[in-house]
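The structures considered in this document are given below.
Common to both upcoming complexes is subunit A, partnered first by subunit B, then by subunit C.
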Partner chain A sequence: MENKNRNKITINIGPVHPSTHGVLKFVVEIDQDTIKKVEPEIGFVHRGVEKMAEMKYFNSFMPIADKLDYISALNWEVLYATTVENALGITVPPRAIYIRTLMCEMQRMMSHLLFLAHMGEDLGNTTLFMWGFRERELLMDLTEEVSGGRLAPMYVSIGGLYYDLPEGFSERLLSTLNIIESKVKNEYKALSYENGLFKMRMVGVGVISKEQIVKYGITGPNIRASGVKRDIRKDDPYLAYDKVDFDVMTETAGDCYARFMVRVNEILESIKIIRQIIKDIPSGEVKVKVPWIFKIPPKYTFVRQETPRGEAAMYMVTNGDQKPYRLKIRAPSFYTIQAVKELFVGSKVADLVAILGSLDPVPGEIDR
Partner chain B sequence: MESSDTIKGRFPTLLSDVVSTNRNETIILLSDKTKLKTIVSEIKNHFDILFMLMVVDRPPKVFEMNYIFTSYSKNDILTLRVDIEHDDPSVDSISNLLGSADWEEREAYDMFGIDFKGHKDLRRVLLPEDWPGRPLRKDFEVTDEVRNWTGLDLKF
Partner chain C sequence: MIYDFFYDFLAAHFSPLLSTIGSWLIVFIIGGLITLNVPIFLGWVDRKLSGRIQARYGPVYTGPFGLLQNVADVIKLMGKRFLTNQVIDPLIYNIVPIAIALLGFFMVFIIPWGNANLVLLYVPFNLLFIYIALAVSPLLVLLAGWGENNKYAMLGGFRGAAQITTYELSLLIVFISVALLSGSYDITTIAAAQSSVWYVLYLPITLVVFGISSLAVIERGPFDIPEATQELQAGWKIEYSGIRYGLFFIAEYVRLLVISMLIVYLFFGGGNGLFLPNYLWFWIKTSIVTIFMMSLRWVFNRPRIDQLINIGFNWLLPLAVVNLLIVGAVMFF
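Then we have the complex of A and B:
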């Protein structure tokens, strides 16, 4: 008996560990090198965002919405602004809608490039790590040029945008897109998705089945990799997504490699969307005047949008006051991370890093 | 919306339509909280996942539970609203019907102290086990105990 149990060890991975992409903790029971049981623990960066929302004016919550998911801040800014605008019943000028779509897609590219970079880092491909950050930096510089911020831009305001695009921005953006497109199609191909060593670590590892998707409520690129064709941008269009032509990228295998490929293809799709938007962006105002402090009559407002990590939603309850009565935030990673309870079991400890990286969780939005 | 009409048709005495706010959103109201599991098993035939669970604290009388269901093939959004008493905040767990309710119910327990009967693993999810109080309740106050909480057995 004793000899048999000697191989069983319980180890803590995290909360501070390079492969957890932030502060996540897994209590893992291993038998030799095989994982037998996993218990994810979250809440290390819980900031009480939903309570803070109840204590602040509608406008003052914007910087906090910015920092929910610090990799895709603009998507969350747009989501929160849309929620308040729908509750108020105001319409945003068409130019602001187009620029919002543009910024959302730029943010999606930045998020996915960071995913590719971290995937490279996790699997020992340091060159991909450097290159991913190099291309992301080009987009970061453009975000800085537009808004003044890099990670937390604070560009979207309730009623539109704070500023219009600077002069000559679209030319600079288009030349950046050409650079990124050729890098992703050629250099990244040789280095990652056509690289035998890199593929060996990912093909067939961490397969998500359709039953698991429904069981845990997973959304976003992770389910598109398992063959579920679901994208809010296409199925329930918001912003200007019904006016642009793009495809929902899917894979069938559902393993780490499929999740990697979905994101590579989504970067190329985003480039396609941005090119169309720059072509038919209308001129005019970028904001309607909304006072800093205002009241919203009692009502329920539900808005859902597609962030780089999946379907995010906000449900706001107002009661005629200057502050929300209750704001519930649905963070897609909160559901995705539950699936590791099944995904890790039976794999090796080294594969844990690959599976977790391919799910692309962000603790900032898991913990709120 | 077709599916919500079907669900309402099955339980005409229990359910009432509150408002169809948007083109694909419906809110239905459940009058008896003990029938929650029956209704959810019917909803499960039309919707795939529990999209989110929003609890609204409306003191002094009720906690308002909003279960939002969506599916992967349709755009319909269904909100099922149940009121539970403020003095005895307990309701049946639906986590064995819909797996995505597991952590959502743990979060509602964490933030509001709602007891989900039949939940297999009901403990705090975001806050530490020994955190004092239920922070999202309206009567939560930042007391000295909360302010000086460290999680360690230290005296300052």
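Then we have the complex of A and C:
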């Protein structure tokens, strides 16, 4: 009985698995611990968000925008609010713009800290996991102080923000930033990016080429690790990003380690941005009055912004009604996850976890 | 020798047959109690230590300093319903945890506990017997992976067998070099031979080889690749639950302790030290070594299986062999 496929095993990784970062599933065909074929299965948390948007008033969609990507809720809140504001043709007061930039960068740090934590967890280092959550918790507390919410803050409203910053917030934020900066630069260095075993697992694994970037439409830190200097914050500045001085962090290797380093550097870059914003934040109102239910004349609106996972965009078609006619959401993780079909093949099962972790997908955003 | 002590004590009052049976019983009970309590205590140390490293408390509520947490866990594991998949191989499935726990018990039985007289049963060449107890595990891991009839378990079993067989070789060569230097396979004799100079000064590289290989052989993190929670959920242990799963903890912590004790015996002079009594020195050294070996898990991440095997065959095995040759040459001339 000669069977050519007798060495092949098909295993299901997910949907409930410690390192799929939510409910993702991969049907993996392996031959002695080496992956031969991968089929990603998505859609386990599909909620029909785009349809939901068509059925709700413009204001009522905000909590759902929060839960698209539950790791970077504020970025999506800002994106949706900006889309509606652009369609409505209102300008937001400058203080609100600055605070939105501040919150976006805080959210980016939180998201990247969670990424570092999960990267440690995926490689079997639970200490990095706990430490990442420890530092993220400091920022979570500040978010709670500002908005009352932690994971889904509901802070951004159409026309500005719901509340102004509390008193003494900037001092507390600055001291928190100092803590995080020193931890990322020293403790994390010893545990992760200068650690021999960590580098052994990460360097040269899961290289994304420039052809793959074009083919699958990957964006965000994942392509900056491959040497593509593309960041909407710099290329097409929105909010207050043209008024602050920061660099777009790039690496050249394109492997897991480069993707890790890009995020580590982006945390430090975000700290830099927040410090500048706190220095030049103007005073004044934080919102313009917008009624709860309003109509938007027939219009096409397209807004794109940089979330921690890449370029997120919303394309809204309005027809003069109180609800949008169509809302198309471009979720960056959805495009990134398509590349795993090529990235996983030929690597070990252990590398699957490392590569998937380094791509930083969020199923809530992929499935929408 | 505790067995002889009890035998002499009983032989004064009873017939030789009764004394033999009685002393065996007593020794078995003592050994069993030690075997059960090692994982309970060391598990607590492990939890507390990892808690401190990871900026959390570890167990606090159950008993003073959370000392009884693992006792509570044992009770919980014993009370669990037996649950597994439908098509296991019952014989293999049930025999593996018992065999693994018995190997731990066997090691507890023959290793000296800090003193030449503090050994439950003296057997000559006890270093080799301990090596055998360590070296049998790839067979059991492979059997468990096969008997559970689960793809993850089988992958874990294969990984475990590959990893352990790789590192056993360097472990054996380390034992041979130490035995060559001291002229004996008896642990207490080796320790006694280091009364002037500890072997760590003669064989520092061998110590490193031994540390890495032993961690790989007992599948303790960072080399817990066969279990690999993040890739294979629990690897070859995946279908085990309840007390069968609890038995693996006996093996894990007893072997960790035995490895630490061996490091002290073979490289740090056993109980040799100034001022304090022998067994106290031994336990001070063992505690330090155990905590060091434990904390490695919380600092490093897991390497990949092919990387680990490459390290084993390309670096540790040649290093161990070169060391052995050097020791042999020095002893010859």
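We adopt the following convention: the second predicted complex is superposed on the first by the 365 of 368 C-alpha atoms of A that agree within 3 Å, B and C clash if a C-alpha of one lies under 4 Å from a C-alpha of the other, contacts with A are read in each partner's own complex, and residues count from 1 in each chain.
By our rule, contacts are C-beta pairs under 8 Å (C-beta built on N, C-alpha and C of every residue); 3 or more make two chains touch, one makes a residue touch a chain.
Worth saying up front: this structure is predicted, and the values here are computed from it rather than measured.
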Q: Once the two structures are overlaid on subunit A, check if subunit B and subunit C clash or fit side by side.
A: fit
Q) Thinking of the overlay built on chain A, is A:Lys8 touched by subunit B (first), by subunit C (second), by both, or by neither? A) neither
Q: For A:Gln338, decide between first (touching subunit B), second (touching subunit C), both and neither.
A: first
Q. In the superposed arrangement, does A:Asn125 touch subunit B (first), subunit C (second), both or neither?
A. second
Q. Of the two partner chains, subunit B (first) and subunit C (second), which one does A:Val228 touch, if any: first, second, both, or neither?
A. first
Q) First (subunit B), second (subunit C), both or neither: which does A:Lys295 touch? A) neither
Q: Look at A:Val353 in the shared chain and tell me whether it touches subunit B only, subunit C only, both, or neither; answer first, second, both or neither.
A: second
Q: For A:His46, select first, second, both or neither according to whether it touches subunit B, subunit C, the two together, or no partner.
A: first
Q. Of all C-alpha distances between subunit B and subunit C after superposition, which is the least, in Å?
A. 22
Q. Both subunit B and subunit C contact which residues of subunit A?
A. none
Q.
Considering only the defined contacts, which subunit A positions touch subunit C in the complex?
A. 9, 11, 17-19, 30, 32-33, 120-128, 130-131, 134, 191, 195, 197-198, 200-201, 348-353
(Q) Taking the touch rule as given, give the residues of subunit C at its contact with subunit A in the complex, in rising order. (A) 50, 53-56, 151-152, 154-155, 158-159, 221-222, 224-225, 228-233, 298-307
Q: Spell out the residues on subunit A that touch subunit B in their complex, using ranges where they run on.
A: 42-43, 46, 48, 50-51, 213-217, 223, 228, 230, 235-236, 300, 302, 304, 311, 313, 315, 317, 325-326, 328, 330, 334-335, 338, 367-368
Q.
For a test of understanding, state which residues of subunit B touch subunit A in their complex under the given definition.
A. 21-22, 24-25, 27, 48-52, 54, 56-57, 66, 68, 72-73, 75, 77, 79, 99-100, 102-103, 111, 124-128, 135-136, 140
